[in-house]
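Only one structure is covered here, and it is reproduced in the block below.
Order of writing sets the chain letters: A, B and C. Residues in each chain are counted from 1.
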Amino acid sequence: MNSRIAFVAFNTFREAVRDRVLYNLIAFAVLISAAAILVGEISIDVERLVVVNLGLTAVSLFGVVIAIFIGIGLVSKEIEKKTLYTVLSRPVRRWEFVIGKFVGLTGTLIVNTFFMAIGVFLALFYVAHRLQRSDLAVLTALFFIVLEFLIVVALALFFSSFSTPLMSAVFTFALFVIGNLADDLRGFARITSGFAGIVASVLAFLVPNFSSFNVINQAAHGDAVPERLILYNTLYALLYSAMAISGAVLIFQRRNLK
Amino acid sequence: MNSSRRVSVVAGFVLLGSMACSVLALQAIDRFCMRPEVQQELYIHSPKMLRRLSLGYTGLLADVYWTRAVQYFGHQHHRNSNDFHLLPPLLRMATELDPHLIPPYQFGANFLAQKPPNGAGMPNEALTLMQYGIEHNPNNWRLYYNLGFLYFTEFKDYAKAADAFEAGAKLPVTNAFMPVLAARMAQHAGEFDTARMLWYTTYQSTTDGAIRDNAVKHLAALRVDEDVTHLEELVQKYRKLTKRLPESISDLERVGFIHGTPTDPNGKPYRLTSDGQIEVEDPQLIPYITKGVPSKDDSTANNSSPATTAQ
Amino acid sequence: MAAIEILGLQKTYMIGFWRRRPKTALRPLELTVEEGEVFGFLGPNGAGKTTTLKLLMGLVSPTSGTARILGMELGDARVPAQIGFLPEQPYFYDHLTGRELLTYYAQLSGVPEKERSSRVNTILARMGLEGSADMQLRKFSKGMLQRVGLAQAILHNPKVVFLDEPMSGLDPMGRREVRELIQELRSQGKTVFFSTHILSDAEALCDRVAVIHQGQLKGVGAVADLTSRSTGTVEIIFCATHVPQALKAICSETRVTGEMVNAVISQQQQETVLDVLRRERIQLISLTQVRSSLEEFYAAQVRPKSSGAGVGA
């Protein structure tokens, strides 16, 4: 295992944590507790549904925002502020740096999600008074959310490798939105013919496809997610991230640091 | 620069490789997973709510819903399902977001009314949609045509159909068949020529592949119905002549009633049954026919075609 | 073996909206720095000093040309471990403490785990940072940041140290400390290559200097040579309230302060002036040869061609 990658990753994690990123957890905790208590007033069957839906959606949205902001903030900022000058004069290779950043950022998000997950389960326990088998679906939904984060961070890194912090944030967010609508894009590609159809098809495959990752509603209803889907989604997330990261490495290799 | 070059090459391979594999993975996911948004309930049931939520980007959202409607229909149709309950709301959403989007109206006219699995089997919904469309697009002849078409094919209300065709015929921009159709509704509603004109106009009124396909199928079915009717008439004529039923179609040829072997649009010859009926060899291949269907099997027979002519 | 060999390094940027206009930041540069030298790289702002350093660090890729550090080509993976770099106005990870930052750099530099903390402690002590070792960097003053920067540049015991404007923003005490550090590095046999536009520092520290202006190398020379040359003039100080009549024609650059007169005369006139002073019974205070300064050398390289020939290399 390349220790330099580990060092960069750990340092990234430490910097993110100290950057008060984890304070978002407080906001999240407040939100989810308020929701849980409020929901307790409504009729029995729906509580669980609402808590899971709200909780998981919040985890997803908070996470994406954090992913974008720390992803951009930590990489583009480093390039802009020239922290990189000294780091790159050390024996660290550029690709090691990119991958180390990726691992560190993903790690931060996983830790963040872990705490949020505890919050969700606590709220669930509070409203349902017990945890049941079907709650395992919530874990799967969380896993898929983490896979989404993997892709978003990879994209944030990709854009950071060549554009300014602001533009990187914009592009990454835009791709996140488009990624959620990728199904419609593919539907559109299917009913369009000719050149526009080809362009739409290419775009539809290049853009990250998040639709199959969103099983929040299913988790809310307690429906199990098929194992095959878990396998495929994991593969897709890994492949897509690999694509974005290798793109980032390629660009960063040749970049002149002004 | 050697190691740097090496890194770039490796990264390049990883990039291309993962890109290709991710496409494959995505396709695998597609095949495996029922596309969720097709199965999902519509989260938003009120079009007005949707309009408000769309933050002004109604045009785009209308296109999205229209696309989804087509996908949904295709998906259900492909599975030979009888359940199209989401189609009316999807089309309604699309048209409420953008009342001037014409394709959903045409789609609705053709596929909302027809019986499953070729359509949703909800003619009343189709009617409402057409009326809504005309209200917002009073100068579009196609919508009047669709309305008349609906009255004619689904409701068999030839008077209302005539009204619709006439209204459409009066528009500044219209199709040449409109006045003709209007006229024919009165006397010749049940005739093959009228139906043929109708489906031909449908074909002309749109560029949508699915609708045109459907029209072509109907025209083919019409031809079969016509052929079968005609052949059965000849069989009766033969019987009058020879006091017995012909044994095969070639008998008709021998007495000079027909020339050559009549075939259906798929090139298969018609068959003569022992009790003088004409049958199509493979009715499954020709949807929408109402005549020439072998009585034993329960074939497709869905859409109504023009009323049978008197013998 | 030469510590640094710059062989025709050149950098041209494409600027403008369509990236069509070429802007030459550095014209082909040929320069050699021997091991153990302290080498000063002088020039006004925007001359190309930082570009040269960035090229040597591999932060920017050259348009053409190459360079070797300790005999190894640029891009050789063995180079970074042997060099240290302090960029101009460095910026570090705000939320790390001094100790954590240096440990991080030690990790990246491949300092073995056992030695890391002792190395870090030693360097913290050397740079006078033990007290603030566990304070977060965002609370550091400018001078402290500069010291941290120097610390990370030398903590892994590199053979060649590159410093970009190491004195910038420091108060006189700080500058003195940096000067002492550079002298210490030299005594350890290290090569120091630093860029600056403060000539007095260069004069005090460097073995050799190069002057660069508008992307082009204008002159290289040993400091000793450049400053030992006699200009052929003499500075004379004597007690008087005004310049004596007899000397008015001979003396130039006269300055009267209270009861003392400062004047510059040519060496040949020395005897004549002394005679006049003796005759007038004017007390002589001092008589010194004016030596050329680095400043003149610098100004000559940097000034446009029209004004006189300076002292060349």
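The rule we apply is simple: a contact is a pair of C-beta atoms (placed from the backbone, for glycine too) under 8 Å apart; a residue touches a chain by one contact, two chains touch by 3 or more.
Since this is a predicted model, take the numbers as computed values, not measurements.
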* Closest chain to the centre of mass proxy, which here is the mean CA position -> A
* To do: With contacts defined as at the top, give the pair, B-C or A-B, that has more of them.
  => A-B
* **Chain centre separation (chain A, chain C; CA means) in Å** => 48
* To do: Round to the nearest whole Å and give the separation of the Cα centres of chain B and chain C.
  => 85
* To do: Just give me the whole-number Å value for how far the CA centre of chain A lies from that of chain B.
  => 44
* Scan chain B for residues touching two or more other chains and write them down. => 3-4
* Could you say which residues in chain A touch two or more other chains, in rising order? -> 93, 254
* Touching two or more other chains - residues of chain C -> 77
* Asked: Hey, which residues of chain C end up touching chain B in the complex?
  -> 75, 77
* To do: Show which residues of chain B lie in contact with chain A when the two form their complex.
  => 3-4, 7-8, 11-12, 14-15, 18-19, 21-23, 25-26, 28-29, 32-33, 35-37, 40, 63-64, 67-68, 70-71
* **Of chain C, residues touching chain A in the complex** => 54, 57-61, 77, 80-81, 83-87, 89-96, 100, 104-105, 107-110, 136, 149, 152-153
* Asked: Inside the complex, what are the residues of chain A that reach chain B?
  -> 93-95, 181, 183-184, 187-188, 190-191, 205-206, 209, 211-212, 214, 217, 226, 228-229, 232-233, 235-236, 239-240, 242-243, 246-247, 249-250, 253-254
* Asked: In their complex, what parts of chain B are in touch with chain C?
  -> 1-4
